[in-house]
Amino acid sequence: MAVSWLRRLAARAPVPVFPALGVHGDAMLRELALDPGVELVGSPRHASVLLVAGGVPPDQHAALRRVHDQVPRPFATLWWRSEPLDGLENATRIDAPSALSDALIAAHRDVMLGRRGSSPRLLPDEPPNPWEGLGDDGHGGEGMMGGVPYGRPMAMNMHDDLRDGLTLDSLTFRLGPFFPALPPGMQAEVTLQGDLVQTWAVQHAPYPLGLDAVFFDARQQPVSIAELELARARYHLYRLFHGLWLAGLESVGLHVLRLARSLTPDSRVDGLRRRLARCGFFDLTMTASAALDDEQARQIGGPAARAAGLADDLRSEDANYRRLGFTPVCQQEGNTRARWWQALAEIDQSLALARQAAARDVQTSEVGSVETPRGPWREGQRPQDASHLLDELLPGLEWGEALAAIASLDLAAVSEWPLDASVAEPRTTPPEEYRA
Amino acid sequence: MELLTLFIIMLVILCAGLAVQWPTVRRQSLPTYPQRAPFLGGGLPDTHAWNRYHVRYYPMTLLLIAFEMEMMFMYPWAVVFVEKGMMAMMEMGMFLAILSVGIVYAWREGVFRWQ
Amino acid sequence: MTLMMLLLLAAALIGIGLYGALSQQSFVMLMMGLELILNGVMLAAVAFWALSGAGAPPGQLLTIVVMAVMAIEMAMGFALVVAVYRGKQADMTEALSELKH
Amino acid sequence: MIWEQLVLPTLTVLLALGIGAYAVAVLDRLIAGALGLSRAGSAWLAPLARGAWLLTQSANVTEAPDWQAWRLAPLLYLMLAAVGLALVPWSASLVATDLATSVVLWGSVEALATVVIFLHGWSANAPLALIGAYRYVALGLSYILISMFVLIGVALPAESLQFTQVVASQAELWNVIRQPLGLPLFLIVGLGVSFWGPLNLADSTDLAGGTASEVSGPPRLAWNLARAAMLVAFSGVAATVFLGGWLGPWLPGPLWLVLKMFAVLLALLLAGRLLPRLSPERCVTLMWVVLLPLSFVDLVWAGLEALL
Amino acid sequence: MNHGIGVDIAFFLLAVLAIYSGWRVFCTDSMVRASFFLLVSFIAVGAIMLLLTAVYLGVAMFFMMAVEMMVMALFMVMFMMNPAGLNPMKMVHQERVAMAVGAVGFMVLGAMALFAEFPERPLPADLEPVAALGRELLGESMLIFESAGIVLLTTMIGVVVLSSHRGRYGGAETGSVPPGLMPGGEPAGQPAQGEDSEGGHQHHHH
């Protein structure tokens, strides 16, 4: 039969997966990005499997239901370390990281071959506003602008324009928490006029970040600087991956991921930096927008602050770091572009430190406070969420600029719990020869 | 004959494209309302997306209309260029000079930036 | 396809354009009417050129000039609309009719 | 007569379009694989499997789309690609549409492509698709002038706006050497007209797929197909006007053209994978302030070269 | 002029298309559709020109009008309420008069077409329309060519002056606009707006 022939062929395609990231779900995302059998897509319309990775807080279940219902049939859902929503009790839940990729492929195949029905719709089939084809033409509006034609009101002007004197309509919507270009979990109410962000109000902070366990250890006991710095470099490489993916440079992004996975103190990023500079990533893609002032930079802390010229780094207080010749690297401008330069510079510096430290087997001397890649973690004071700063930073930026700015800023709080080591790559401790 | 060929090609492609879309789209019923809502990562819009969209590059478009009109003169000019020799060259010089003045002026006024 | 039929078509386009230009309240729609009139004019010019003018070069030139007029009309028209809108912040129709008085 | 002038050219164009679109998909995958973005399964089967999957997926609908425009836009885009390819001469005699003004007609294909891509994003009635559509218009209205200047440049030595004449004028020296600025500028146009790689402002990742973000199933297949077909059509035109079209020793003309088209496609697909997406504002400024003056230079160069 | 029946059929179809889409321009609710209906009308007329062997003008019509109607659509959407026609609307005045004028115009012109005698002088067989136009432009009608350049330059400048926010006359306003909120940022808009949006922020925060 023709259809079954078509479906058999379709079953062989790489699985288009839309990832809805829950808490600590981004670690799984990076694994899947390198998986040849899986293709991560940016819109649920392009997906055959909805993957919910990580727990989703109850207050975001409604949004998850909406995303779930936006995937066109037929599709399957897969829940990785996450409790399936009510109504999806039969859905597959996977906890072992190694099984995920195969489970995704199997889910796609099963749906295609009809061994498994499409995931059911969770929300009632009702228009967003009570609406029935009212009026002569069945549109349901009143007058020219009134009513709720097709279930929604019309866009009307609410805001004066920020840039020029033309005040036209603005568009208000809530974005996230599963929008792939935003940090996982972040929800914001956005008003656009044209493609310019008019207002941006963060409604739900991004999920706390899972840091590598070594940063937690470093607060209890001296740890190997090489290990600490490698973890830091890896963290920044992950951020760079996201930034590159957003800029449409997927192939370089995967190169970065691979680099992060096989990171040793001998790794170099000079080539990467040259490549990025040459292809115009800094000059043509990233703009000099969303610059932080000193106060904002201080609130965020960490690399973002150093990109704005504040030389604050807890590592300078550590005697052993000083012995390795550590001084904070800084940029001056504090804008999106400078933050990416900073990220590359920090990776470079971390690798250099790791090289030296591994050669001499140096350990941290300070205990209690540690400079995490997200920012300083002083006595009991984890880096706090700073996403509210976006409300001041983003208005006036073009949509792409705004999202690039978000990607370049690391705003989420640091989670109480370290990243589960089994999710992340096998912890790359420095190879034996460096320890000797 | 050329136009007929072109027309037939267009027709065939149109039919082929329809054949790709039509059968499946016809057969299925309308999706549920939640599916039809625009994708915003789980969020919802307040209103329809269609609005009086603030086109941030509108001065550029107006510039283009005037600019493009000059192209109308340039195509016939290109055909007789070699025949007319240096005169056509001068003509072109003048034209490009005029255009350049327009562009430089517009650039100075920030027309190519998002308004 | 005779000259008469071509001219009839041109006349029809001009007639529709006239209706549009006179009946539409908004300035942009009014410009659409004008464009449609010019469309008819261009067709007529080309028809004369091809069937009655023995391919005299000014026939083609006339069409190009009409197109240029169209482009200038559009560019200036929209620029004016923007300027008026910026000044008045009002819906365009009223703003422009105020200009008239 | 009918066979030679009607059936054969039509079949050639349709076959080239179909095979070309498939080749684009395969080639892009191979390039991606070479750049470290490997996917499981054979590269030859993958486009077909993807097509089959899109045919089985149900087509999405938005709340109140502009139905006709939404469903027509991919078809029209595909049609424009076919028109573009119909203009390409495969040999001195084998050409579907050998208009005296085929250069201008290709220019209109580019202009109409802007309309169609805008329509695709606009008619979905969704915020992100809308932004993609308007972004693309900024790009589309900018690159069109560059394309025109570059193409007028190649028309100068040919003393004609006919593609066959343009090819004939390259019998001694290809335009790619005669007008060294031309092909690089024209490739940028190619990236623009198919919104590929660095100029993918319409369907970009930060818009979750832009104009295609709300499209699924068969209409999305048509859209992707059309986009690949447009790349093919563009590569045909680029090979014709800059790489001497069917000209070449030993091999038959059409084969030469195919080889040259492959070369152009390879360059475009590589650029698409290696370059990041430009920010729209930068893109417009770059086009008008840097590339447009460069195309002036190209035109003056071409003019001087043609007179000497 | 001798041509096959195919040309007649094509002409007839294109004529119907041109008139139908021309008419639809004024009775569709969606502004985008209206502009693109006009584009279709232009394309049909351009194709008729192609049939008349006006190779250059016909094709030029396509690309000129594609760009112009694209811009038209942008501005239509920008300045018209309810641009997509989600609610039906009719923004017409003196419709009867307009209709009458349109009909009278059609009839007068149509009568001219029907009853006036035009000489029948078809195109010479060896005419190259494009080259002829080029020679005309560089020969006798040089003045038109050159003045067109000047006029268009004036249009460009006029357009920029009138429409650009940062234009010469907008400059005065810039003085009253507070400097950007952040270094290198865009002006914060008028003072009243600034307060407005701040109020909005506080509201969202707490």
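Should a chain be cited, it is by its letter among A, B, C, D and E, assigned in written order, with residues numbered from 1 in that chain.
Just so we're on the same page, a residue touches a chain if its C-beta (ideal position, glycine included) is under 8 Å from a C-beta of that chain, and two chains touch if they have at least 3 such contacts.
The UniProt protein names, listed by chain, are A = Respiratory-chain NADH dehydrogenase, subunit; B = NADH-quinone oxidoreductase subunit; C = NADH-quinone oxidoreductase subunit K; D = NADH dehydrogenase subunit H; E = NADH-quinone oxidoreductase subunit J.
Quantities reported herein were computed from a predicted structural model and do not represent experimental measurements.
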Enter the minimum step count from chain B to chain C; a value of 1 means the two chains touch. 1
Chains contacting each of chain A and chain C, listed by label: B, E
Give me the step distance from chain A to chain D, shortest route via touching chains only. 1
So, comparing C-alpha centroids, which chain is the farthest one from chain A? C
Which chain, with its centre taken as the mean C-alpha position, is closest to the global C-alpha centre? B
Select, from C-E and D-E, the pair of chains that is joined by more C-beta pairs in contact. C-E
Whole-Å gap separating chain B and chain E, where each centre is the average of the chain's CA atoms: 13
Taking each chain's mean CA coordinate, chain C and chain D are separated, in whole Å, by 32
Provide the C-alpha centroid distance between chain A and chain B, rounded to the nearest whole angstrom. 34
So the centre of each chain is just the mean of its C-alpha atoms; given that, what is the distance between chain A and chain E in Å? 44
Do you know which chain C residues sit against two or more other chains? 64, 67-68, 71-72, 74-75, 78-79, 82, 85-86
Residue ranges of chain B touching at least 2 other chains are 3-4, 31, 33, 35, 37-41, 45, 48-56, 58, 61-69, 72-73, 75, 78-81, 83, 88, 99, 106, 113-115
If a residue has to touch 2 or more other chains to count, which residues of chain A qualify? 43, 45, 72-73, 127-128, 149-152, 154, 161, 163-166, 168, 171, 173, 179-180, 194-195, 398
Those chain pairs meeting the touch criterion are A-B, A-C, A-D, A-E, B-C, B-D, B-E, C-E, D-E
Using the touch definition up top, name the residues of chain D that touch chain E in the complex. 64, 66, 69, 99-101, 104-105, 107-108, 110-112, 114-115, 118-119, 122-123, 125, 134, 137, 140-141, 144, 160-161
Can you check the complex and tell me which residues of chain B touch chain D? 1-6, 8-10, 12-14, 16-18, 20-21, 24-25, 28, 30-31, 33, 35-41, 45, 48-50, 53, 55-57, 60-61, 64, 67-68, 71, 74-75, 78-83, 85-86, 88-89, 92-93, 96, 99-100, 103, 106-107, 112-114
Could you list, by residue number, the parts of chain C that touch chain B in their complex? 64, 67-68, 71-72, 74-75, 78-79, 82
The chain E residues in contact with chain A across the complex are 78-79, 81-82, 86-89, 165, 170, 173, 181-190, 192-193, 196-197, 200-201, 204-205
Chain D partner, complex, touching residues on chain A are 3, 6-7, 9-14, 16, 36-37, 39, 41-43, 45-46, 48, 72-74, 112, 127-128, 149-152, 171, 173, 179-181, 192, 194-195, 244-251, 254-255, 258, 279-281, 284-287, 398-401, 403-404
